[in-house]
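The following blocks contain the structures, represented as structure tokens.
One chain, chain A, links the two complexes that follow: it is found with chain B in the first and with chain C in the second.
Let's look at the complex of A and B:
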């Protein structure tokens, strides 16, 4: 039972981090209708900046720089490429982001090489005991930060001018533009926000108990794709639910690996994808996704 | 019923007609003669290659051929039907491993059925099709980029299975591939064979096998695209609802094309296994799938020739950079800390994907079409190869108007401008002048 509780807390925490990534993904999709396959490389970029800068300027400044860098990369991708793409087909735009992803990931993994980069976080490997359950401090911080960020964004969507502009654009881009919403600014903002969220997520994907930022981090970020599509690509609630489902599944399968030996080694890493396939079989639009009504 | 509306229109579907004209025998007009000449020249060059070039080029060519077969399949799915798939590498893996498992004799810890190799190859392709069919409840219902994310699952689950199913796949280390044996002729280095004083080893023999397979695959795909299924697929890509209204069973077509493209993937996997002579699970990962997507975008979405061109470009690039890396600036030897040839190649074609979409809709094929002056119908066919056409679905009058050269529309201010860039013509069809 203790094991189960520990796994559950860890799962919820890692799920909250996936939800952060998935939230950025959904924000981009809602604002620009682009499925952003370059999301994992945005995350890698943020993490890489933090890892390289923290020895010289300290952790918090490095984190700020990492978040800013990832946001800038996101905004640049939107400004230089997505906005100028000679197409309106969303499939082709998705492929463009794949091209961006190939370039960014190749260059970043080349720079990382075979190293495992520490991010210099202040929590290190401290463990907190809550009754019989012991949890890494980083996991609790991750949970708190992710929850705070997600709550802040959900509130911002509802109550700020930026949020209203974004929702209006998602609803009907042309009408929003006619009402004076600057579409360019909205979509650039969405990409920047998504990059920033991804950088924060990168931090928590690379701290204890994970050894640090390495080539595999991009793969870890890939698990946010099932999280996003599981909840429904156009639903922020869905991103949260999807992230939690994926996080908990992954942790439980990894934790009970010995009892699930028939699934083979490393089943925890692929469990999110299995869950996604099962959910899509039952609900093709995701758990919370809306099936777009078509007007003819 | 489904394609009658397009057929009534004289310029209904440029590419379909272009393809059909190529498939039917025609009189020896200048155009047809030139076509026959280029084709025979291409065949002659392809046949002559093993007699003149060294092993490196043959090996690279074999990879390019197998990649081309796979890319044709993916282009049917992604280019022609608009369904993004990131799972293509999985079907290559299914094809490769089924071939190995079915044809190999059991030895050590590795299982095998020891079937005749041609039978094993056919069964491997069918197995890839079955794997695609199992996924079709999802492939038929999801559209576009959604399917792209869903097919990520195939890659990760597939690799997991490959690494763990050691008796079939050999685990991390992979397993050797039995050489193909066709009517007593072995595609391997022994027994020795000398043709025209050139020693014919495995590479030379496989070259002809690969060529034959590629030609068959290309002809079949052209047939599919030029005929009724091709039109249905393009309509689904351009306007799903319109396709449904015209009687195209959308979900069934999507699932069917997915199965077909996975069979192409399986065939490419068999060829690849034969060329590599060893299969390693590591290879069939996400990167391979991304390679294939890059191929079809760079070559030109939705056409067979585009897929082949892109496959040659993407699969030759790393090998060329490796071979001539010493002479190039910015490319360093692997392990020396600089940009290794493989990485340089990835960055180059990643950038190429972006550049193609930004500046060159239609890919390499579109570029070739633009460099050559052509009659209006053919240019419109090139344009059609990319689904990058915002005007088409929404504007039923678009294709008609676009196919007519600008001079004939009688619009003042634009006389004698038959060759227009894609962008301008989109605008023409988007903003019809008040007088027409």
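Let's look at the complex of A and C:
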């Protein structure tokens, strides 16, 4: 039971981090109808900047720089590629983002090489005991930060002019343009916000108990794709639910790996994709989605 | 980016006949007394469309269309399905590129300012706001959020007070929108959705309103209500360009009217004259063929006129 509770807390925490990534993925899809396969490389870029800068300027400044860098890379991809190609079909643009992902990831993994880069976070490997349950401090911080960011984002999405412009554009881009909404701004804002959220997620994917940022971090980020897709590509609620489902499934399967030996080693890495496939078989548009991925 | 590309294309088509002498490119000449007088005249002019050609890739939808909407007036554009009415409004609002179309030649200006080639947001900022065909309200958002969206591109100071004033005006005009403020817009009836679409456009505090078939699909009562509203909006000082298939309604509202046929202006003139003309009565009001119809009795029979069958 204790193990289960520990796994559950860890699962919810990592799920909240996946939700951050999935949320970015969903807002890009809503604002531009493009499935952004370059999302993992935005995350890697943010994490890389934090890892490189923290020894010289300190952790918090490096984190701010990493968030800003990932936001800037996102905005740049939008400005240089997505916007220019906006007569191309969304399917073509999705493939273009695969190209962007390959270029960015190749360059970053070349720079990282075989190193494992520490991010210099202040929580290190401290463990908190809540009764019989012991949890890494990083997991609790991840949960708190992700929850706060998600709440802030959802409030902004509901109540600010930016949020209204974003939802209006997502629902009917032409009608929104007739209201004077600048589509380029909305879309660039979406990419920048998604990049910033991904950089925060990068931090929490690389802190204890993970050894640090390495070339495998992009793969860890990929697990947020099934989160976004099973939640529904165009649903923010879906991103949250999907992130939690994936995080908890992965952690439980990994935690009980020995009891599930018949599934083979590494079942924890595969489980998110299995869950996604099962959900899509039952609900092709995802748990909360209204648009089927085929629409892409 | 798109806008620039479109403009470049426009210019390329424009270049053979260089800009007409009475319409010099905006910043070319130093401001002098002559220029000032011209500018004042242009500002009075309202919307001016000159020799407009537009289409969608290989499809040409408008050819050599010229029309004027003087400040403060209501002008109607009539025509059947596919005549090019919506294309005309898209060309004014700069939204042709959403349909993979563009302006091939000609010019659109409002108050002397060139709109052709401009971004839709720049057109809204000039005070020209369109209510698109089929209402196109944001069905998944609440009524209040739809109105808020309408104010996003408003001209000048986007202050809270200006937005609140605009909202008061809209809610006075359409009290039902206040009752339904928190409801999802998709749940409104067709007539209410049209009111919301018009109200949303009014939130941008337009100088000129472009209405694309506002009575489409509405019962006669609801259509009459929209007609009254258009009259009221105009009385409050907003210029209106009204696109309609419902010729009877449009001609009763407008001062001047144009008839589009396969992308060209086939007829134009004062609304009363058009309403009385045999051709319009036969083809657009569906009554000319009736030998029993009293000749020249258009004004009297107008309320009973049928919708143009399309």
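Here is the rule we use: the second predicted complex is superposed on the first by the 288 of 296 C-alpha atoms of A that agree within 3 Å, B and C clash if a C-alpha of one lies under 4 Å from a C-alpha of the other, contacts with A are read in each partner's own complex, and residues count from 1 in each chain.
Here is the rule we go by: contacts are C-beta pairs under 8 Å (C-beta built on N, C-alpha and C of every residue); 3 or more make two chains touch, one makes a residue touch a chain.
Being a predicted model, the structure only gives us computed values, none of them experimental.
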item: Contacts of A:174 with chain B and chain C, given as first, second, both or neither; value: second
item: Touching partner for A:84 - first (chain B), second (chain C), both, neither; value: both
item: First, second, both or neither for A:132, with chain B first and chain C second; value: neither
item: First (chain B), second (chain C), both or neither touched by A:266; value: first
item: Partner chain in contact with A:182 - chain B first, chain C second, else both or neither; value: second
item: Doubly contacted residues of chain A, that is, touched by chain B and again by chain C; value: 84, 86-87
item: Residue ranges of chain A touching chain B (in the complex, touch as defined); value: 35, 37, 81, 84-96, 98-103, 106-107, 110, 113, 222, 225-226, 228-229, 233, 264-267, 269-270, 273-274, 276-277, 280-281, 284, 294, 296
item: Residues of chain C that touch chain A when the two form their complex; value: 1-2, 93-95, 97-98, 100, 119-121, 124-125, 129-130, 132, 136-141, 145, 148-150, 152-154, 200-201, 204
item: Chain C-touching residues of chain A, taken from the complex the two chains share; value: 83-84, 86-87, 161, 164-165, 167-168, 171-182, 184
item: Chain B residues touching chain A - in the complex, by the definition given at the top; value: 78, 82-84, 137-138, 141-142, 144-146, 148-150, 152-153, 156-157, 160-161, 163-164, 241, 245, 286, 290, 293-294, 297, 301, 337, 339-340, 343, 346-347, 349-354, 357-359, 361, 386-390, 422-423
